[in-house]
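Consider the two complexes below, in which subunit A is the common component and subunit B and subunit C are the respective partners.
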Partner chain A sequence: MKVLRLAKDKLDLFASVLQQFGEVHAPVRQGEKFAFRRLSRWSEACLDYQRTILPPKKYFLPQRDTLFEYKEGQGYVPVIESADRRIILFGVHPCDIYGLNILDMVFTGKYVDPYYQARRKSIAIIGIDCTPDEHCFCRSMRADFVDHGFDLFFKDLGDRYQVLVGTALGDDMVLATGPLFEPATKEDFEEYKRRSSEKRKAFKLDVEIRDLPEIFEMEYDSTLWRELGERCLSCGSCSMVCPTCYCYDVVDEVRLGSREGRRTRSWDSCLFSTHALVAGGENFREGRPARIKFRYYHKQRGFVAEYGRPSCVGCGRCISACPVKIDISEVINKLRGMENVTA
Partner chain B sequence: MLQLSEAVAGRPVLAPNPYQPYMARIVRIYRMVEDNYVFTFRFLDESIAKGFDYKPGQFVMLSVPGTGEAPISISSSPTRPGVLELCVRRVGRVTNALYRLRTNDLVGLRGPYGNGFPVEAMAGNDLLIVAGGLGMAPLRSLLWYALDNRERFRDITLMYGVKNPSQMLFRDELSSLVDRDDMKCLLTVDADPTGTWKYHIALLPKLFDYATVNPATTYAAVCGPPVVYRFVLQRLLELGFSKDRILMSLERRMKCGVGKCNHCSVGYKLTCLHGPIFTYWDAINLPEMI
Partner chain C sequence: MASKHKILIVDDDADFAEAIASFLEANGYQVLQARDGSEGLRIAKAERPDLVLMDVMMRERTEGFFTIQEMRRRPELKDIPVFVLTSIYSQVPGFRITPEASWLAHDAFFAKPVNPAELLEKIRQFLDRPSAKEVNS
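Moving on to the complex of A and B:
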């Protein structure tokens, strides 16, 4: 992989060049939090941010997405976004890049989702490294470093960035700036390693995931699920903010006064009471304990069986979004019989 | 189904859209049982109509334009191509809308999805089909597949039970199998208020008294309401069936049919991709299965 360096005072110049590759979107301050948004000017971008409210999945699986227009005589006509609209997501953290890599596993495979795929092709990812806060446990989920899933990746080295070039598109972006980027030096590598081990020490949360699938099987009937179910409000916030939650609902709508309409999909959550409800009224997960257990079970057990790793990247959003302070690291540590474990 | 991805040499083709429903015409509505009609469909596109191949036990996603989409198991057999028969219970929004349609109206269909019965592995064995109530709908595909490939299977036994004669799916067709000497067709009702029922009057598990089953050489395919599973599975285990020779067909809410929307999760598997046919071994390892 090509490794370069960019002096920090040249970042603004790079950003201005980037515009020729598409709309630049980046984390922008929103009250006390941050959100990915289209920039009207580069100075709005906040690269030294804590997690955004929603992960970048909102660009690839929009909250509401039209799949088909239904037209009489034509049947279901797919509505797939044109690849002409190019977006550059600047400032994506490693956990969120990992989240997209996980969504890739789901939305490709035997059946490729063309809606997701079209957006994946038209949206470039420029990653940036970060410093963990009290909710981050990406290291436990093996998502604190990424080696793929970005076009460019920036690592702060003080007065400069170390820049990894991940794709040909990323290389084009670099080349378009002329001599702005320089080859990384031995000194950069040493500084990178120093900061890397510093980052490792900065984590305050730790969970052990290695034999978690087995422990989930053993603790399937644990009273913990009932306790959590009594606290959980079934609001679904944890799923909405999760970079790897992808459950969706599909609805057909008819335009008033016509026989035409559209089929849309929208975010859903396994915590909602209708998630496992079948026609006729049978509900396979009627109570909240069953539903919250299912969410954990699916991410930490089911997904491992199917894809070889948990569908959790340790971004900490579910911890900060939960109105009743259910904390995944606590849940896992309690299941393991290790309360109040810290790194 | 559609091999759009197999490009004609050198020419790019559109990536297939797994959510694309293909329009099909209702060619027949058979009012079989109250709230359980059999709808026969034919795809408008002739190449799809002729090329639509599937395995017994697979399902399709049925779209009623303007209402939505629902998974429905295929009741016809791939040995009789050209049309697709779906035995649909009127129970939810989509199926209610389907019941309002008439012959020649259009619906959308896509599929086939799911694993289907492992017919290659089952070939050369005895086949025991045990259905309770509406469970006959997906098993009818397997039944006709086996009868149409009679030489590929050894003994074929059907055990089918419903509460009373008016609830029996495919009653005329199945009655005509009772006299066949190349299979054993055992039909039963819990009670016969009409007094005209010619076959067994007993609970479904009682039919095991009328058949000889060799668990070592038999695959059992079971589908029905939970009470059927409870008693039939117990009976099969008592007979000495290995847990992976007992096959069950499950139903769940589905929005995509292709392993994305996650509504049909059971334990750590998806009904649409890993099922809907599961072995009994899967079943006891997957929480929330039945």
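Moving on to the complex of A and C:
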């Protein structure tokens, strides 16, 4: 992997030239929080941010997506909205890149989702390192470092960035900017190692995930699920902000008075009361305890069985978004019989 | 007729903009001025100029670059020719824009200080073509 350096005071020039590869989107301040948006000027970008409200998932799996349209006489008309819109996501944290790598397993693995795949091809990823806050436990989930899933990755070294080139597209981006980038030096590597060690120490939350599927197996009948179900509002906020929750609902929208319409899909959540409702009125997870339990079991146990790792990346969004303060790290520690354990 | 053409100057340097505006007005053009990218976009949308002369380093060092991209994204502004007038080469050593730089989506590039005669000649090439007004209307 090619390793370069870029002086911080040249970042705005790099971002300008980058526009030849597509629209530049980056975290932008939204009140007290941050959201990925298209930049209309470089100063809107906040690269020193905590987490964005929604993860980059929203670009690849939009909240609402038209799958196809249908018309009498024409049959099905395939639609992949904005698939040719070239976008550069600038400033994606490692956990969110890891989240996209997990979505890749689901949407480009055994069954390929053409809508997701088309957007994955048209959206470039420029990652950036971050500093953990009190809700981050990406290190526990082994998602604090990524070695693939980005075109370029920036690591803060003070007055400069160490830049990893991850793909041929990333290399093209570097070449297009002429002499802005320089080869990384031994000094840069030393500084990177020093900062990497500091980052490790900055984590306040630690969640032990080894043997977690077994613990979940043992605690299937735990009273904790009922307690959580009584607190949970089934609002689905944790699913909406999760970088790896990918459940969606499919609806046919027929235009009134016509013989045409479209099929859309939109985000769904296993916390919603209708998620497991099937024809005939049977609901497999009618109560909130069953639904919140299902969410935990799918992310921490079922996904491990299918893909070899939990689908949680430890971004902390579900902790910060939950209106009744259900905290995944506390839930896991309680299941382990290790209440109030912190790093 | 050149007198019917509107030129928008987007530049935070009022002295420079005023000097160019006077020169262009003396040569029969109607001139509008904006002091930053946002104002430039607002005036461009309202007035539909035939040509924009865009500075780069305004409130932000790369403001002109982003403003041009914004123009190119808006259907009502995307076909307006843009000339870049900038001193970025002298301000940022080593930074160069190649003549064929497609990312900049510009129609002509002038490093400041600008030779007014050369600028006028280029403007005439763009605006006094028989079809220029139709293309941009």
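Worth pointing out:
By our rule, the second predicted complex is superposed on the first by the 339 of 343 C-alpha atoms of A that agree within 3 Å, B and C clash if a C-alpha of one lies under 4 Å from a C-alpha of the other, contacts with A are read in each partner's own complex, and residues count from 1 in each chain.
Basically, a residue touches a chain if its C-beta (ideal position, glycine included) is under 8 Å from a C-beta of that chain, and two chains touch if they have at least 3 such contacts.
Predicted model, so just to flag it, every value in this text is computed and none were measured.
Touch criterion met: A:254 reaches subunit B, while subunit C stays clear of it. Once chain A of one complex is fitted onto chain A of the other, the partner contacts of A:41 are limited to subunit C, with no touch recorded for subunit B. When the two complexes are overlaid on their common chain A, residue A:301 makes contact with subunit B while staying clear of subunit C.
Greater residue coverage of subunit A by touch, when subunit B is weighed against subunit C, goes to B. Shared-chain residue A:276: touches subunit B; no touch with subunit C. The residues of subunit A lying in touch with subunit B in their complex are 67-68, 70, 75-76, 78, 80, 106-107, 109-114, 117, 220, 246-254, 259, 261, 263, 265, 268, 270, 275-280, 284-285, 290, 294, 297-298, 301-306. Of all residues in subunit C, only 37, 60-63, 65-66, 69-70, 73, 92, 94-96, 101-103 touch subunit A in the complex they form.
Interface residues of subunit B facing subunit A in the complex, by the touch rule stated above, are 15-23, 63, 65-70, 91-95, 106, 108, 251-253, 255-256, 258-263, 265-270, 273, 287-288.
Contact residues on subunit A toward subunit C in their complex (touch as defined above): 12-13, 15-21, 23, 39-43, 176, 178-180.
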